[in-house]
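Below are structures written as structure tokens.
Okay, so subunit A shows up in both of these, paired with subunit B first and subunit C after.
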Partner chain A sequence: MDLDALLDCVTTSSCLVTQSTSGLIVGMLLFMVAAGLTLIFGVLKIVNFAHGTFYMLGAYLAYTVFTATGSYTLGVLAAGAGMAVFGVVFERGLISRVYGANVLMQLLICYAVVLICDDLVKIIWGADFYAMGMPPAFQVPPLFIAGGVVPPFYLLLIVVALVIGGGLGLSLGVTKLGKIVRAAAHNPDMVSALGINTTLLYSLVFAMGGALAGFAGGLAAPVRSLTPGMGFSILIESFIVTVIGGMGSIGGALIAAVVLGLIRSFGTIGFPLFTEGLMYIAMIIILVSKPSGLFGKEIV
Partner chain B sequence: MGRILRDVAIAVAVVLLLALLPSVMPSKAFQDFVIRCSSMALFATSLNLLVGYTGLSSFGHGLFFGLGTYAFALLMQKTGMALPSAFVLTLIISTVTAIVVGAICIRLRLIYFAFVTLAMQMLVHSVIISWVGLTGGDQGLQGGIPRRVLFGISLESQYNLYVFAAVVLAVGLLLMRHIVNTSFGTSLRMIRDNETRAAFLGIVVWRVKLTVFVLSAIFASLGGIVMSLFVSGAYPELINWPITGDAIFAIVLGGVGSFLGPLAGTMILLLLNDVVTRQTEYYGLALGIIILAFALGLRRGLLDFITERLGGRPAGGIS
Partner chain C sequence: MTKRMLTRRSAIASAAVLPLATPHIAGAQAKAVRIGMQATFSGPLAQSGITHRNAIEMEVERINAAGGLAGRPIEMIYRDSKSQPQEAARVARELVNTDGCELLLDAESSAGSFAVQEVARDLGVLCMHSSSETSSLTADPKYRAPMSFRSSRQGIHDAIVGGAYAAKVADANKLTKWATCSPDYAYGRDTTAQFMEYLQHFKPDIEIIAQAWPKLGSPDYTEVITKLIQAKPQAMYSALYGGDLTAFINQGNIYALFAAMKVFSVNLADYTALTAIKNLPKGIYTGNRYVVTCPDTPANHAWGDAYRKRYNEYPTNWSWESATGMMFYEGAAKKASSADPKKLAEALRGLKIDCPFGAGGTVTMRADDQTCVGYAIGWGTTVPQAPFVEGVKTADWGVIFEMEAEWKKKNGFN
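Up next, the complex of A and B:
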């Protein structure tokens, strides 16, 4: 524990800005992964333990498309689109067979997919770390805000994540499709009885969740190193985010993700070895005092 | 009474057979396998008390397995305690921890119970990683287990440890078998099938749940002690979340509805591990495909599948 260092950092503007922005980008990546996770849980009542794998595959896909074409935008779009397709295949081929089954069966299938994909990544890309590096457009000197160092790419990442998340929240709130999705989360049998194709809807939800994780992976590729196990760690953290924010709540996921990102970046200064412990303590406190999360609906 | 005698007779016969086997087939690899299997099977069967018999899907049961390894290794390394005392004290430490953790966790249900138990395990894992002075941090507790003597028998010899592991497994399984066959075991199944009805029939649900939580924690840490003796120490991997994952796969592969399902699943998993890692470095790929075949093909564990094929009905189960 190094509370003096933490205090020093919080009271100097340069350190405060640097740590806050790095906390924010972690939070934004977490938010995009967790938003998909929470959406899938909200509608299908499935905990997608393979969601971190979507993120990992998205990052590798973005990396490959970027090195092949030189266009980072194309890489991120390919990651999103590719993972949307992967999400549908995964839902139709595997998950749809265990709807209504015990959570352990779902866990088992997801874990099998995680194991298979991790090894496929090792076979295709190798087990080594990859560093993609910044796309050429962002290889510029960093901005200095109040003495803190902020790479311009961080700002892009934060804006893009907010736009995607905001768009998702807005489309769920006001569009007809969004209403159908929310209705299906509430009562799928009734939605189905009203003549809406819930099978298609479920695939669509998985496509959206997959695309979100894929985008997150694509956005993470320049700032994170790519390894076959990178899906695991983000999975656990996005679970914490969904639980704290409330399973099924997009807004809750955003707030919880930002808080968690900040805990992570300031925690590495104050308690370098116990940052994760702090997150688990937060998770336990929330679960025990309000199991539905900060912004979730009460569990019936 | 007849049933208990029969179970004891089978257990004694199996242990005797295992004890005599090395004189015919002196294979070190086989003895290693039995020791690891004993540890993991105790752990998996204890988890199935929660999952299969009570319907409590714990994702954090590895806490007690890991606690068993760390508490035992620490007591043996840092105090001058004899093995039997450290053994008993480890189980007591696990009991007390389980009462506290259980009292917090059993208030929650379904997936929320799963998440809070996972968080508990990972919290203890974080404490172990960060408390470098006591636990060696991410390097683990190295330096071996001293004074490995139990009632004059040295567990230094691999053969003795092998017989010890087999005896511990047999005793543990017999005790757990007895637990699920008592009226307490019936209460567990009733809570699993319909918690509200169980409460209306006068079962104090939280008390039964807490009791089974603590009991299963004790057996899990028993498995942890065997593992600690096998690896001569304690390592963070033994309390990290994939260890719980392994136990979950073992019970789902073997069958949650059969008492010996977790044992069968552990054997399948360990055999797969040994065979596949020798053939290919892509262990995950092979294991993943096999898991998918089980989950989507059989749709239940191996022993449950066999029981149903023979026309019986598995005793436990998840629905």
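Up next, the complex of A and C:
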């Protein structure tokens, strides 16, 4: 524990800016994965343990498209679109068969998909790790804001994640489709009785969840190593975000992801040997004081 | 009935004629020496097993073409340990007891190697460790086994060489404030402690002002990088490796980390990492894992080029360590004129062989702790394109032996 260093950091503008932006970027990527996870749970009450796989496949897809075309934008779009399609196939082909079944059956199917996809990645791309490398447009020196170091690429990621997250929140909040999705989360039978095609709706939710994870994988690909099984670590952190924010709450996921990012960025200064532990302590505190999570009562 | 008689006649005829008719073929058909190798062939670390096996296949082909081990061809049997020490031990036992392997070539990381060591001790089987770099495996008498040898490099050797090299750079550039960033488990912590110990031994005014211990396999190093930048060290040591190191460098690049401080990365000079990093910064100090420029000899270039031509990829540190293990078995069989494991073990003790990876063109299986010495260790600096590492300065083994003896004495490893 180094509280002096932490105090120094929060009272120095350079450290405050650097650590805050680093916390935000970690949080935003987490949010994009966790948002899909929480959206699927909110509507379908399915805990998608295969969600990290969507992130992994999105990263590999972005890498492949970027390598083939040289366009990072195309890579990210392909990752989002590809995972939306994958989400629909996954939902229609497998998950839809275990709606209402024992949670263990759902877990088994998700875990099987994780293992199969990890092996498929090894067959297609190999067991070796890959790095996409920074797109040429972002191979620029970092910005110095109030003495703090802020890479332009990370600013872009934060903005893109906020736009996607904001767009999702807005579409769920004000559009007709959003109202239907929220209604389905409350009472799917009634929504179905009103003549709304819930099968299509569920597929759409999985497509949105998959696209979010795919976008996150594509956006993160230039700075993270691509390895089979890379979805696992982000899945664990996404679950923490989802639990802290409240299962099913997009807004909760955003707040929790940013809080977690900041815990990590400032925790590594003040509690260098216990940064991971801090995240779990935060989760325990929230669960004890508010078992449904920060925004648990809100159902999307 | 007829069929039975014909069969019997054929058998008798064959038995009578064969030894007379084909004496030279009988030699070529000598019973193969089965060598069992367990390694990680699945999961995120599958690349280690694959590149171990690639190098072994090359060596086996060469050795068999030259007559095998004392006239007996080598037959390799590979098993996946799935990175689990208990599985490595189980598979090693099975290779000997069920598959009839007379020799083992252990290609596990350290946790698995310690488990295999106990199997080798229990079964009395000849075993060549070709992956574990944990020094105590052979240095500590309590772990040493009479029939076990090591062809891989050792952490203590790397620490001494790295410390001595870094001290010279630190002296020349007046680098006294240091930070470290290594994976948070035994290897990362031990290696970092040893490196800093020798750095401070050679340059006592070094001060460690920040240390970061990211989790192994961590996807994101942003907060670690910003912490290091905030601490404003003049130099940093890192024992990160593989995909972790690649991610760290890619993320460090966008924070201009490598312009803010001198970076010493012990595990960077392996082609796996060097080729995966798209924007490799110039001027990172790195210890060699495997590069064709260390040693910068025709033999090493030829071996590296042959590997690349055959597999369409660069060899790794694991590749040379396994190849050296096979070369030691080959050399021992020549010396003993036998493939008998006990005679091989006897021949291995103190055996010096020609080897493309040797600092002076040779490596030696040191008799007292049955471990490989004399291999090329060097440090150089990175350049963005092939050969990726230049200005490699190879270490003086006289200094290594002297410091290693002190280290053993201090730890009671005699």
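Convention: the second predicted complex is superposed on the first by the 297 of 300 C-alpha atoms of A that agree within 3 Å, B and C clash if a C-alpha of one lies under 4 Å from a C-alpha of the other, contacts with A are read in each partner's own complex, and residues count from 1 in each chain.
The rule is simple: a contact is a pair of C-beta atoms (placed from the backbone, for glycine too) under 8 Å apart; a residue touches a chain by one contact, two chains touch by 3 or more.
Quick caveat, the model's predicted, so the values are computed rather than measured.
Visitor: Given the touch rule stated above, what does A:P151 touch, subunit B (first), subunit C (second), both, or neither?
Guide: Only subunit C is touched by A:P151; subunit B is not.
Visitor: Examine A:S265 and indicate which partner it touches, taking first as subunit B and second as subunit C; both and neither are also allowed.
Guide: second
Visitor: Which partner chains sit in contact with A:T227 here, subunit B, subunit C, both or neither? Use first/second/both/neither.
Guide: In the superposed model, A:T227 contacts subunit C only, not subunit B.
Visitor: Mind working out whether A:R97 is in touch with subunit B, subunit C, both or neither, as first, second, both or neither?
Guide: It touches subunit B, and subunit C stays clear.
Visitor: Contacts for A:K122 in the overlay, against subunit B (first) and subunit C (second): which applies, first, second, both or neither?
Guide: In the superposition, A:K122 contacts both subunit B and subunit C.
Visitor: Regarding the shared-chain residue A:F274, is it in contact with subunit B (first), subunit C (second), both, or neither?
Guide: A:F274 sits against subunit B, while subunit C stays out of touch.
Visitor: I'd like to know which partner A:G133 touches here: subunit B for first, subunit C for second, both or neither.
Guide: So A:G133 only meets subunit C here.
Visitor: What part of subunit A is shared between its subunit B contacts and its subunit C contacts?
Guide: 122, 273, 276
Visitor: For subunit A, which residues are in contact with subunit C within the complex?
Guide: 9, 14-15, 18-19, 22-23, 25-26, 29, 122, 127-134, 138-139, 141-142, 149, 151, 153-154, 220, 222-230, 233-234, 264-265, 267-269, 272-273, 275-276
Visitor: Which positions of subunit B touch subunit A when the two form their complex?
Guide: On the subunit B side, the touching residues are 51, 57, 104, 107-108, 110-112, 114-116, 118-120, 122-123, 126-127, 129-130, 132, 137, 241, 245, 248-249, 252, 256, 282-285, 287-289, 291-292, 294-296, 299, 318-319.
Visitor: How about subunit A: which of its residues touch subunit B in the complex?
Guide: The touching residues are 47, 94, 97-98, 102-105, 107-109, 111-116, 118-120, 122-123, 236, 239-240, 243, 247, 271, 273-274, 276-277, 280-281, 283-284, 287-288, 291, 299.
Visitor: For subunit C, which residues are in contact with subunit A within the complex?
Guide: 43-44, 46-47, 50, 211-213, 215, 217-220, 222-227, 229-230, 242-244, 246-247, 250-251, 253-256, 272, 276-279
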